[in-house]
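Going by the order they are written in, the chains are A, B, C and D; count residues from 1 in each one.
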Amino acid sequence: MVNVGILGATGYTGLELIRLLENHKEVKIKKILSRAYCGRKYSYVYRNFAGFEDKYCEDLDWDTVADGVDILFSALPYGVLMEKLTDNIMKDVNIIDVGVDYRFMNKKEYSKYYGKEHKSIELADKFVYGLSEWNEENIKNSRYVANPGCYASVVQIALLPLIKEGLIEEDLIVDGKCGLSGGGRSLTVGTHYVEANESIKAYRINNHPHAQEIKKGIEYFTGKRVNLTFTPHLVPMQRGMLITAYAQLKHKIEHEKIREMYNKYYYDKKFIQILDKGIYVETKWVKNSNMCHINFEINEETNKLIVVAAIDNLIKGASGQAIQNMNIMYGFEQSMGLNCIPIPI
Amino acid sequence: MVNVGILGATGYTGLELIRLLENHKEVKIKKILSRAYCGRKYSYVYRNFAGFEDKYCEDLDWDTVADGVDILFSALPYGVLMEKLTDNIMKDVNIIDVGVDYRFMNKKEYSKYYGKEHKSIELADKFVYGLSEWNEENIKNSRYVANPGCYASVVQIALLPLIKEGLIEEDLIVDGKCGLSGGGRSLTVGTHYVEANESIKAYRINNHPHAQEIKKGIEYFTGKRVNLTFTPHLVPMQRGMLITAYAQLKHKIEHEKIREMYNKYYYDKKFIQILDKGIYVETKWVKNSNMCHINFEINEETNKLIVVAAIDNLIKGASGQAIQNMNIMYGFEQSMGLNCIPIPI
Amino acid sequence: MVNVGILGATGYTGLELIRLLENHKEVKIKKILSRAYCGRKYSYVYRNFAGFEDKYCEDLDWDTVADGVDILFSALPYGVLMEKLTDNIMKDVNIIDVGVDYRFMNKKEYSKYYGKEHKSIELADKFVYGLSEWNEENIKNSRYVANPGCYASVVQIALLPLIKEGLIEEDLIVDGKCGLSGGGRSLTVGTHYVEANESIKAYRINNHPHAQEIKKGIEYFTGKRVNLTFTPHLVPMQRGMLITAYAQLKHKIEHEKIREMYNKYYYDKKFIQILDKGIYVETKWVKNSNMCHINFEINEETNKLIVVAAIDNLIKGASGQAIQNMNIMYGFEQSMGLNCIPIPI
Amino acid sequence: MVNVGILGATGYTGLELIRLLENHKEVKIKKILSRAYCGRKYSYVYRNFAGFEDKYCEDLDWDTVADGVDILFSALPYGVLMEKLTDNIMKDVNIIDVGVDYRFMNKKEYSKYYGKEHKSIELADKFVYGLSEWNEENIKNSRYVANPGCYASVVQIALLPLIKEGLIEEDLIVDGKCGLSGGGRSLTVGTHYVEANESIKAYRINNHPHAQEIKKGIEYFTGKRVNLTFTPHLVPMQRGMLITAYAQLKHKIEHEKIREMYNKYYYDKKFIQILDKGIYVETKWVKNSNMCHINFEINEETNKLIVVAAIDNLIKGASGQAIQNMNIMYGFEQSMGLNCIPIPI
């Protein structure tokens, strides 16, 4: 039995971690840590837990954070973990950081994207990048995982095989769409129901930190540097993330060949499904699950490849993949606790 | 291992039955029966099954429908099962009918509400009414269950204790609200996205067949006849059902006494939760689960009791309760396969 | 030409006032007053004004607030106007208060519902209650109007004829449903998109200030005191308000008689439509307009009357009716600037 | 006064035409033609017309279709007008076709995209392409207008200046997003509320007829041929269309220069607004209006230009632009009947 603690338990990532881990047969949740709700039952914050295993939120004390647990999942907002994490804490506990602080990070970029100085950049090297299907060996042998961002997960899963095989030019355009849970639980005018419903917008054009993460991830996994033009969009739905990627094929290639190439990488990956030719990828078919669906078309006229992929941003894009990484780390079956069939409606 | 067949597998009730039963450790789904999609893989109809246990839909042949299965779940539209069901079929197989054909039904009412003559009304008596928390003993000893309607489930769960205890006058007003999945998968202008979104309406005022079912259920469980004014509303969301019931209290009574009375009936019922005083009932806290949440207020000025209760119409209101009934019938733990924590966002 | 100033211009009521008044041919908007956005263009706050008549938001200075305008519309949050309004200001300018501070208010109730002491309760008597179709004469002869609340408007329009005619018992149950714009633009967890979408809840049961307003309005217009049990619900849509009212008929009465009675009151009221028998009231058919739709059914068994009515909460429930009241006050055609056909999709 | 007839009046385009034309002071609607609802009042089909100017739907008789009207707006589904239109009819009446049959059409492509043989291709040349801001002179001098498709409108408005000025390479990628009203009122599983809500999908990749129309429009207006990779997406909202276009800039150019270039084309076009630098384009800011909002960013690293533009697909993308074209044709002010401020919430 793995004893687990959750940092930042009352955001949406924390909510999904706890919900999923409650059904993980090798896990015991020992600590739910939340400053804002310390002393409150978790079911006070999220009433879906009424009648289920319930716990009190504890205050986050960094001196004792590792006591009594084997692994910490951190779902803290950016900038919190990097201020408090130390070698000492890391000695005592495994960590899966679902936040951004240790993802391929260097000091300069951190300041640029997050407007703060990174206080423990020297610890970043200890974290292994947790793109489960692509970094299994390293995750297995590490005690610290930096879980990828949601966009970074789905974009890399969709494009890495193509880049690794040298099928496409290194000039990528990715148009991303995500539901509002991607923005978390903090209140803004833009995420107020009345303002967000019945509207779609592009935002942070050329300026989203996931773009940087994607480029580094691609270099890490394929050795190749790419250009990336990335535009995220906010879509009026709660969960779901879909990306539409555009790339120039280097040569004429048949549809079926690309399918074979995807299968080469993913035939034994339960969570990744290449859909049949002509079937549309839709976020509902992966909703509430750890699945990723992929399909593609070739534009004959321009020899461009269009790849569409979808995940549930809170699960494969965050908490689900974090649990998958824990499973890898501890030698459990990868799908343990994650075997939920998507709920499309 | 219980071998299961599903009739009418490609509607939303069928979808949820199959999704939930796939994770039931004492069940093996043997047959998925669907006229419309016969010969198709189930994942062709519902792509959320891509990468999961998949089966071909078989044609519905009434001569062999019971072969190889221990129990049939029928999620057929009204009027189909009653035309085909026979004593012969019933000898060979257990049945849980998630449809309407055998719920406290008599010939006259059936014609009135469904515009057809009931062809096998004599079989109705063999079916036990499947309101799990109220009819456990009978369900345990029966081979045939008529699963309650969604509104009928939540209204009875919320009001039966009050009526049984003689706390309220027998003149009930129930105002119901339900998401669009309650109307199933058949296409109508009223359920077209563009017409249904961003609007709420009352419909079938005084004319909803569940009103009849509720009155009969109340008489069955309490021996009392009530008047019922029932108005259902369609709400622009996919799932979720909330009812607001208004009843005259016979005497002055303290809030806490009513809470105690509810607890007397439900303290050991996992799926029924009486929320703390002042906490609002919201459908999201029961979404994707078999839970029912209840709370209430007393209007001091008029001595009226207002009860609010919520369920997921597709689960506790249909497929989940059907599985709960199967668990009771076979002596499994009631929550087997139904232990999913609600997913509120 | 009437010169208009808007107080509290950047909430949703202010937004709709300005949008509608821009197309009112007898009105000139002279001042847009907003503390929060003072010095900003209105199109900076609401970009739908890009390319249309635009103005700078001015700071709200109570000493000069009446300068240069004939009438002020106040869309301030509760508690602001009552602190600042004086006889002196009122001498110089007409006022339509779309807020709550002067609606049948007395000191005690104000404290109870709004948790503040009312600082200018003596001015309340100068305000006429602005339920346009029921108080036309008084509005015409007054310079100060207290615009009714949204629920108060639709409930009174639907029930006043029945009460006035003595058709129903004075024990009323009203079940209200409203979209999220009813809660305004302030940010709360409950109105965060991810929390509000795909869920319905009852709230402020027995405790909504509109209940008080409705009872007083009924007494004011009919001389009768009623009991009222009122339960509002939040529905996942942006605009739209629907109420379902339940009342005991005093005698047996034919459907057609009730229709005639409604027509007696409303046959010449453009904004109030009694729908044909059997037609469902839906909020979409009044959306973005000043219309109110009404229909009803009789429950033969219990002799209860069920009345369903719908308005757009931001228009007939707030800004539209305010403009209607201004039209009455100035002798313009009531529908001037309000002739917009509803936009259902 | 222009006497107007509407063909195919009961689809969403027809609905919006009638709603807008009712408020057009130089127009009298004489005929509402609809096979499906012939003999019914228009308010029977769309109850938002209750209490407003109402008319009976007439049967569509091609022999008399032009009688008594000066201009016909056709909102018929594809394939109907081309089968029935003749020189004879055209002699007697002006026509604005909001459908697809005469948009830059040739026989081969028509068969390819619409699966039917075009029966009156020889009439196509008589129709002028109705992209209002770009073809004003021709529209003014023509009696027949083929109104552009919704995607074709917004893409061309956003990109034509860039192409005409030779700023970008002729290899365009356009990622489109549209609400469900874009698919009209016909019932499909994909547009059933329960299936469409809370999901996003890409569809008709490389295969959308608007792509062809856009390429021809660009050639028509600029003389240049472009490659176009176009992917439309369905977004869970009722109206609104947003496109994100990606193009390679030929040279380094400053942000401000591009803004100047847009202003050169659009400074005097009321319906087209270039937003301030950094302001996000959102469909809500143009909802229920004839406006088009545009903004752009340059990716410094790749020298790619990202252009984002939004319209209301039913208004600027269909009925609104059709009325704008009628205004041009008859010499009215372009914004007559279209001066509605967008309604964002």
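Simple rule for what comes next: a residue touches a chain if its C-beta (ideal position, glycine included) is under 8 Å from a C-beta of that chain, and two chains touch if they have at least 3 such contacts.
Everything numeric in this text was worked out from a predicted model, so none of it was measured.
Using CA-based centroids throughout, the chain positioned farthest away from chain C is A.
Across A-B and B-C, it is B-C that has more C-beta pairs touching. Rounded to whole angstrom, the centroid-to-centroid distance between chain A and chain B, based on C-alpha atoms, equals 36 Å. Separating the CA-averaged centres of chain B and chain C is a span of 39 Å. Within chain D, contacts with two or more other chains are made by residues 12, 179, 181, 194-195, 197-198, 236-239, 282, 284, 287, 344-345. In terms of inter-chain touching, the protein chains here all touch one another pairwise.
Chain contact summary for the complex, chain C toward chain A: residues 12, 180-181, 185, 187-189, 191-198, 236-238. By the touch rule above, chain D contacts chain C in their complex via residues 12, 15, 19, 22-23, 46-52, 181, 198, 238-239, 270-271, 273, 275, 279, 282, 284-289, 291, 293, 314, 339-345. Looking at the complex, you find that chain A touches chain D at residues 171, 173, 175, 177, 179, 194-195, 197-203, 205-206, 227, 229, 231, 233, 235-240, 242, 244, 246, 280-284, 287, 297-302, 304, 306, 308, 344-345.
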